[in-house]
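Can you read through this structure? Questions will come right after.
The letters A, B, C and D name the chains in turn, as written, and every chain counts its residues from 1.
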């Protein structure tokens, strides 16, 4: 039937996530600092979710490399809780409630990351599950593990107590005031083709029964197109790729993925090109083959990235340490045209691709946007033929080059010399 | 850019195809007989393409089972031509021109089936290729064969002469007046995951350079969702399944496929659930595990089939011997509500599925259509909650049951007892 | 170089194993009872190993179905120890020493089963590893698990402490007086093609450094012929199949496997057709699709089984409760001709196979053995042509039918009517 | 039963093959020239088979690259015949008889290469098959082709006429006096895991029914160990690898393969490490990434190669143009110790391998041979511990280094500095 959770994300979710900067180690103070910055500098542009990424329950986390079998902070019902050395406000069993309250007070929303499943330590300690006489050992899938992290076992969907566990988990998160959940080790199993769809469905049901609005985001990718219908029915966003970092081949490859998934973009359901590794990142993360740095993308590549994400309408989850943003980064993240097409674009799609020359199109209420991308390693002249526009679409005459603000005469065909990896975004009044 | 060939099929193609009745053996007289019937009884409903299926160049074809390495009729440029014993009007090198003319004179359009590639016999006889000094041996892919038919080798896309061959082929078809081409052994390779996309692209270009409008249909399935964007860019229809026959498991399975592919349905590009094996079929075909018969589908199943095809908007290619249609079959094929939602439906999609209870939705200018399907082997009561309709959609009050023409009060929820494999199609005024 | 461990098993190992009767639940009293029976009735025939199969460290084991994540008895160094409720003689940290002593006193040898790896509970409790400052968490492979049992993680071969752990394990077993080790979850990974060869090599080294003779047996199968050379270099026996039970299709299938592996049979290295599910089995096991019973094999099939195992020279590990042996079973297990060819056969191989008629050959010092097997479900007449014998082999004239003791004239060709699934074993003096 | 064809190759076949020099293009004159050389210089050492490799029926062959769909010379029964421009002695339908006679007169034996199957041109021309009313079209497998050569279709084993064809083929070869057949596209299918075993069996039967002795060699590799038993039952030699050329990585890799296959070496059945690419090769071949040259192997590598082939007992099929042999090459090919261990070695096997240090062992009547190989790219000191010899083997005291003829004192352990890729072959009197 009509899918209620789709109303939670009518436009692509926007916000900040701690992963690209802090790996598995972010602290409450860092989250708070970024939230304040966002409230001041980015909220108006639409950034609203502040998300604490993986292993907030690991008191000894030191980077983006997980410590095998580390002890995790956990309550009496097999549910992980914030590590107090990193999140002191969680004291007295308050969990993330105080931090979420703070963030709500800034006019923002609060999100957390979780791993699919139940903690292995709860299983080996045979802890209770709230709302059922069964225990962690009863509900764990004996051979369902994540290949890259040792925290969890999968949860059985063939007995009611499995659903009970997920319900108890999301009840807790609702009581904390969580608005956004990123579930990991679930959209692509990494061991087998496809997702853990049975657990996705349990999580959907667990969220719904709380009565609280929580956006559901699924990781990692690549999700599989064969499962697109099910993903849309159960989640708000799901990853199209494995982790995205600031190297050109990953960005170039995203064009193919965006083209493949563009039919599946729409209110409430957003294929996800992953976080924006811009600004200062890698502070305590070593993923992506680098550590503390400003993004390795050139300015041209950054504009290309943001233009593609905007035209395609991928979620914007900024990965940089906000307080270290330079002007270029902040301006790019809050560019009015990008935000306009990102939030209100319609009929967006790849118009054409010849080798490394790609053209995307999107419509907003007042404008037509056409993006010309040069993915080649040499400069290229790209031309755009106005006849390629849909038949019922007529540009009214004005044509602007976004970013340079240059006005172009609407001569046929429009032609541009574009540097390697760079792009031109045109705005045509309609 | 805008895709010109999409204008050729603004609504899902409709017509008749000889395969389900006549396998590889249909004659000119049988084609003509069916065309006349269609002109008289089905054209008004929208059926227009009359398609001669596989091996019209095989003078000794006896059923749907191919004779290995049979001699094929061929012109001096490695192009197959109609077998004169079956298509006498093709005499004097006229090819299908006279037959196409006749069909055009009836107000209908003419189509043919071809196999991907160049005849193996042309290669082994080293025949010329029109427009190039190279020969059949030069352009054949040495190890690209169809696993289920011995007629052809694939054509090389890495040398210009390969494109020359396809150009010469479609030039010939254009000169005959062909309006519709079904290319086989191309949408799913059966040996490897995926299609022969390089030859699909050559065929697209070959059609375009003729200047003649020809609808392009790709077989067999299952096509792969991963290639959906490319299929849409190059063809008008492509099969979602291997051959479809009149047995329930294949029909039940189609619901899953239609759900998966529903994003890819639209003007000019139609995922294809395959032919309608209704009425009298199997006259000289033994495929699908049966021979000469009336369709093995029950009447309930036939209505279910036509309702799904209509709601999803799959092409309608009737497979029966038209002249043997009974009233039930003809009425079903020309049902005004089915045709309305088939030709003008928008936002069509599966609303929900719980086990064997499936609900589909589509909108036309004046009506909302809701189809309730019971795929179970026992009777079921299905209910439809009006709140499941999109927010901006308001039924005006009238509700009719298509087929029984019964008027229902628009009470909440609408509830129906449905026989096994049967369905209810509701029409709500808006 | 010359492989020292091959001297430990100059003939195929023979003995008894608790799995077929008792699943994961055998008790000391049952082991003792069987050992006494063997000493009295089977030792003279060559049966010597008494093996305690899986989960002797699981105090709550109830059948052959494992209890997920059950608590296991373990020492302070992450090494599993016998459950005292099942093995009371292990009290005061004596482990299996007292039981091994008893069995040695009977003139027999003592064996145990272990799972590849280190207990998951040791990892989650972060227990020490003897001889290294590292702990269980350091040496566990984070994503190496057995798909059908939750007891263990794999052990890392890339750090010295991994080898330390296996050394400490086999030091303990040596101190107990263990003579035979069956390692499970190692010869076929069940998740990937191939074995866990890195851990096989660590176990080899761990055994060698103890200085004690321990026969090494690897499970489960199917092992892969591609790894035969490595298996032979590191183990004494390895399984050719997954678990073997008393149903005909598994027995019939073993003929193909024995043919494939017959080159790899030799002193010290024995491809293993698995245990002999004869006599009374399934007492507390539900594997193989049945429970407490006498073997489901007919007498003909039992003779066929024992004849194949003998001719091929697979280990004889009896699976039945010895004390319930009937005369037929005991006679079959101790048949002098079978034992002769099993222990002293040379040049053994399949001579021919035509459909379901299979002939095997083996030579001993005084006799030539020829086995004719009818694998068909109907009676067949099988003939043996004496010219099929190797050129340098000349039968001296006497020919006996083993089991019936009938003397046959050595006419050409020898011909026998054989019942379905039955066999004839011929003994020719040389 | 006893396998008659094993008597045809009691020692590993030795001879010359035209492939490495002449690709698909060798002429009668070149064959004759090499045969004369062999009779004079190599016959005494045991080289006896002179083999004409692929496409002797292709009059236009120019190198080792096949001309797609080339016309082939063929008789009236779909059997390929020698191209007269290359083999003028085959005139008057004499086939290879005159050339074979010449070679026999030199005291040598004659061999040919064939592709599995029936010529595609025979199928498309629908030629007769000798001894059956069926034709080429009837017996061809419709979708069984070689992925790298366009000459043939596979032959059906499910109808008698398929066997008839192979019988007619080998009858012809028998009438020509052929002594050795190398069948290609059969031991590894290159498209699927495994061989074309059904056609191997037909060929075995076809050879047997001729009554003539013909050694059967199967190509290309890698053959699969899983099929070793069947290969041994039906052929005399089969390839362990794809084509072998004069580059070190292929030679290094052969050590692993020889270790895996060493159990399958024995009188009549020889796993084949492929031809010896020594001396002058590549004259009209461009395979292996090079053209006309002396072998790219260094002298050390050549000795390593010949030592491995000899110890393992792979067939010796020399690939060089004999008449261009230099002294080093001829001496190496005819080294008495290599030949001794190659022809009379027993119990040969890899004794040990640690990283790049490999030791092989073999026994002859008078000597023990131990080969020490340094596969590393730096010099290494390898030592051999006499205790590694089998228990029942006692060296009598004399120890010689083959090639240098140096006498060594039999001190413990024997130790040698060995250059990169080089080897030491020791001969110990027993």
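Convention: a contact is a pair of C-beta atoms (placed from the backbone, for glycine too) under 8 Å apart; a residue touches a chain by one contact, two chains touch by 3 or more.
Protein identities per chain, from UniProt: A, B, C, D = Alpha-galactosidase.
None of the values given here were measured: they were computed from a predicted structure.
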Contacts common to chain B and chain C (chain labels): A, D
Most remote chain, CA-based centroid, reference being chain B: C
Rounded Å distance between chain A and chain D, as computed from the means of their C-alpha atoms: 59
Distance from chain D to chain C - Cα centre to Cα centre, in angstrom: 40
Averaged-CA centre spacing for the pair chain D and chain B, given as whole angstrom: 53
Multi-partner residues of chain C (each touching 2 or more other chains): none
Which chain pairs touch, all of them: A-B, A-C, B-D, C-D
Residues of chain D that touch chain B when the two form their complex: 68-71, 120-121, 123-126, 137-138, 140, 142-143, 145-150
Interfacial residue positions of chain B with respect to chain A in the complex: 1-2, 225-226, 228-229, 259-260, 262-264, 350-352, 359, 385, 387-391
